[in-house]
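Read from first to last, the chains carry the letters A, B, C and D; within each, the first residue is number 1.
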Amino acid sequence: MKKINVTIWNEYVHEQETGAVGDWIRTFYPRGIHNALAENLKADDLEITPVSLDMPSQGVPDEVLNNTDVLVWWGHCAHAKVADELVAKIHYRVLHGMGLIVLHSGHLSKIFCKLMGTQCRLRWREVGEKERVWTVDTSHPITFGVPETFVIPHTEMYGEPFNIPDDGKIVFMSWYEGGNVFRSGVTFQRDAGKIFYFSPGHEAYPIYHDENVVKVIGNAIRWAAPVNGVLADRVTFQGDAPEKVYSENPLKDINTAELHQSK
Amino acid sequence: MKKINVTIWNEYVHEQETGAVGDWIRTFYPRGIHNALAENLKADDLEITPVSLDMPSQGVPDEVLNNTDVLVWWGHCAHAKVADELVAKIHYRVLHGMGLIVLHSGHLSKIFCKLMGTQCRLRWREVGEKERVWTVDTSHPITFGVPETFVIPHTEMYGEPFNIPDDGKIVFMSWYEGGNVFRSGVTFQRDAGKIFYFSPGHEAYPIYHDENVVKVIGNAIRWAAPVNGVLADRVTFQGDAPEKVYSENPLKDINTAELHQSK
Amino acid sequence: MKKINVTIWNEYVHEQETGAVGDWIRTFYPRGIHNALAENLKADDLEITPVSLDMPSQGVPDEVLNNTDVLVWWGHCAHAKVADELVAKIHYRVLHGMGLIVLHSGHLSKIFCKLMGTQCRLRWREVGEKERVWTVDTSHPITFGVPETFVIPHTEMYGEPFNIPDDGKIVFMSWYEGGNVFRSGVTFQRDAGKIFYFSPGHEAYPIYHDENVVKVIGNAIRWAAPVNGVLADRVTFQGDAPEKVYSENPLKDINTAELHQSK
Amino acid sequence: MKKINVTIWNEYVHEQETGAVGDWIRTFYPRGIHNALAENLKADDLEITPVSLDMPSQGVPDEVLNNTDVLVWWGHCAHAKVADELVAKIHYRVLHGMGLIVLHSGHLSKIFCKLMGTQCRLRWREVGEKERVWTVDTSHPITFGVPETFVIPHTEMYGEPFNIPDDGKIVFMSWYEGGNVFRSGVTFQRDAGKIFYFSPGHEAYPIYHDENVVKVIGNAIRWAAPVNGVLADRVTFQGDAPEKVYSENPLKDINTAELHQSK
């Protein structure tokens, strides 16, 4: 069986904070969210590589990216530090078929905003309130083995309006104790790439140790993996007409070639 | 009656070319596509301002942009010359409600690609062949007064696959003599902004003098105009819970404020 | 100004019940939901006709239907009593451009199920709990003048999963005190007809006297009204080829006309 | 390996016609389209059962339907003869996860119209012209092994406008010699069921012997098969609130149970 190559990227900043907050976070993510997820997602069909922003090439050198089937992305306070050049490479690869799982505060990451084209903003509040997740599409592979509803005891609230395009297919929706609702699990296709945004997962709570959350992310990885691999670029967009053209070209005596440098 | 403020932007390069091609183009666009469109679209409910890349602030200073209800965009060989800063401002304004009509080779403009998040590539061929446009959604306001099918005698071919997101609502589809098909009129909504892409309109043919093409663009302008004006930015995304939270915050004794600089 | 002809249909059963429930309902809907809505929606641009199942032709004789621009539908316990023939006529007219506003328990009405093609089922619970409605698309005309969030103090709960097609554009989402979430305001287009489903409005609470609920329904009526009137049927789907066919028909010597009776 | 149970339904009328047309059709479909397709689609992972309208229970007794993972449907002149009761059973099973492949003139079958909710009408013409199919979503599993474009030498024309809902995801589009275009391969999801409409396949030409057409239908069967089987019906839609309701029910002293018979 060919394994799915999964790269889990984490900015890995909060987990290294000094002081009380960092101490608290390290009680459940001692080696960072990326390593916790890698461990919790461990399975025979997945080859998982956890990486972080502080590694060479920001954790994603070409040889890693070009071997990744599905990229999982967690970022929050360091979005701006991710190099535009890296974002462009990831964008290109997603459009050619690499799966992308964007977690929680990754809604404002450069790569997610670039793929959506919208503001990707939302309401938020951090009071440690309860979240209740509802499965909206009970037949979707991302929901296999996940109950119709489950609870995350303490979380940051993410609420509507959430600025995303209309073709986001809703897989999960969330209820928050404080009165808000949210499209918490949404899929998109952008060219050949499958994308899943999943909001549960604030750094300050041990949400990536929740059984259902882990199951959703694992399902999403398998769903987003390109069935036939990442596609080669389509280099030829111009060509002869496949059918005979009977009309006479009014420009037949004029050389127009010089006009078309930019395509 | 409040008029709709329409700004028609044209890179205005091909029409100023030296040589045979430029001479040919100037026979029907002597003052450029922007001025031809402005004249052909003239109507009591439209206040039209034609602008071009070679003007100060690339034709779109803040006072023009901030007063524009609908922006019409024509670009081809000079996409790369449009300043990223200007593109960011236009993007912001579209997301807050300004209408955007992207014409023909504008499919590869920075602003369209930024809004779509996809490659926006397509097949193309320039042999002056015939195009036949079909109205797909005969009830859409953009099609009012437009026949179910009409012909453009000579054009550049734009063909599928066209890399755009799945929520593109198809208003027109085109048939080409040489054997290709294309989603030639497609609408999108991105946050508050309405977007219409319309492919007919190659610079080397007098397509913007075609009665049906002009009618479509005019209809699209009225459709894309924001009914209640461009929205102010929503500055507050955080706030107290509207409903009482009964759960106790595990972080209640920890100051987490320092963690949230980036939102 | 041409007025919009609005027909408000109500099965009008609960309001005529004997006993305590009927007495309670009649305190706020003494002449039924249809008449209450007609009064609350009164405006210069609307010509409103309230009708009910117990009227001749089930309240919708041809002369009423053929003059209706937007039909508002409230049904619950009498869905099965609506004649299939009437449903077919309404279906035909919606597909040709008549707007349709389906309220609350109308999610299981014959006409809504026929237009959706899905089960249209949902979770429900009646304990008089609080509902909080959130505006998801703040730029949609149906939301004009409606706050970003508002409360319905007591209601029946309608919750996900809600079995509707994926092209339902979400305008409102609801939060319920008891832990559920719901896509409470969703638009669809089916052929030329615009459809809006809006869940608030249980018969046992005075929800159709709520200022925001009335505003939403009024906005939806104006949004759903066909801009160019209800379309005539397209009678001709067959015709000569608009372009010359060069291929030779292998059936040219065989009369195939007899095969095509059914279209 | 668990095989996919495929039932191929054909009205099987044209192939049994007397006269020149029937004679012609029988040269390539001697035992009907269903048997030709069954033979051409033969594969280790498919258990194929060809059935027809003239068989007991119209070819689809309960024991066949309840064992079908994917149903392929070909009908034309006998749509009206299919029993409403059978259509209701198929509809129920599709909504619970059975895949459905609707071929060619099946666009007006009862089951397709019931699932779409729209008119499903289209333009048509039968002059034996050439059709050129284009792959629009080159990453879709239905397109695996299918070239970006291929030709059907002689066919009936099916053209836009095609009345289907907006969530139809376009996999293929077709060009016709006579000047028309069509969304010739479109997918839908309705509740748990995946649906694929594919237009190539007129009875009067040997199109179901075309290598690419057979490959598309085979791919579509594998794509539409329910991953976890057809779902059991969700019998419980009501239940206690998962979260505590603090509001007091205004109806707490009234028995409302009698009002809710119809759900």
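Here is the rule we use: a contact is a pair of C-beta atoms (placed from the backbone, for glycine too) under 8 Å apart; a residue touches a chain by one contact, two chains touch by 3 or more.
What you see is a predicted model, and the numbers here were worked out from it, not measured in a lab.
Novice: Can you list every chain that touches chain A and also touches chain B?
Specialist: Neighbours common to chain A and chain B are C, D.
Novice: Would you say B-C or C-D is joined by more C-beta pairs in contact?
Specialist: C-D
Novice: Per the centroid of Cα atoms for each chain, what is the distance between chain B and chain C, given in Å?
Specialist: Result: the chain centres lie 33 Å from each other.
Novice: In angstrom, rounded to a whole number, how far apart do the mean CA points of chain A and chain C lie?
Specialist: 36
Novice: Starting from the mean Cα coordinates of chain C and chain D, work out the distance between those two points in Å.
Specialist: Centre-to-centre distance between chain C and chain D: 28 Å.
Novice: At which residue positions does chain A touch at least two other chains?
Specialist: Chain A, residues with two or more chain partners: 130, 132, 138, 149, 166, 175-177, 179-180, 191, 234, 242-244, 246.
Novice: Tell me, which parts of chain D touch chain B in their complex?
Specialist: Answer in residue numbers: 132, 134-138, 148-149, 159-162, 166, 169, 173-176, 179-181, 244, 246.
Novice: Can you check the complex and tell me which residues of chain C touch chain B?
Specialist: The touching residues are 97, 130, 132, 138-139, 141, 144, 149, 175, 177, 191-192, 226-228, 231, 234, 242-243.
Novice: Which of the residues in chain D come into contact with chain C in the complex?
Specialist: For chain D paired with chain C, touching residues are 14, 17, 20-21, 24, 76-80, 95, 105, 108, 114-119, 121-130, 153-154, 157, 163, 165-167, 176-180, 188-191, 203-205, 234, 237-252, 254-256, 258-263.
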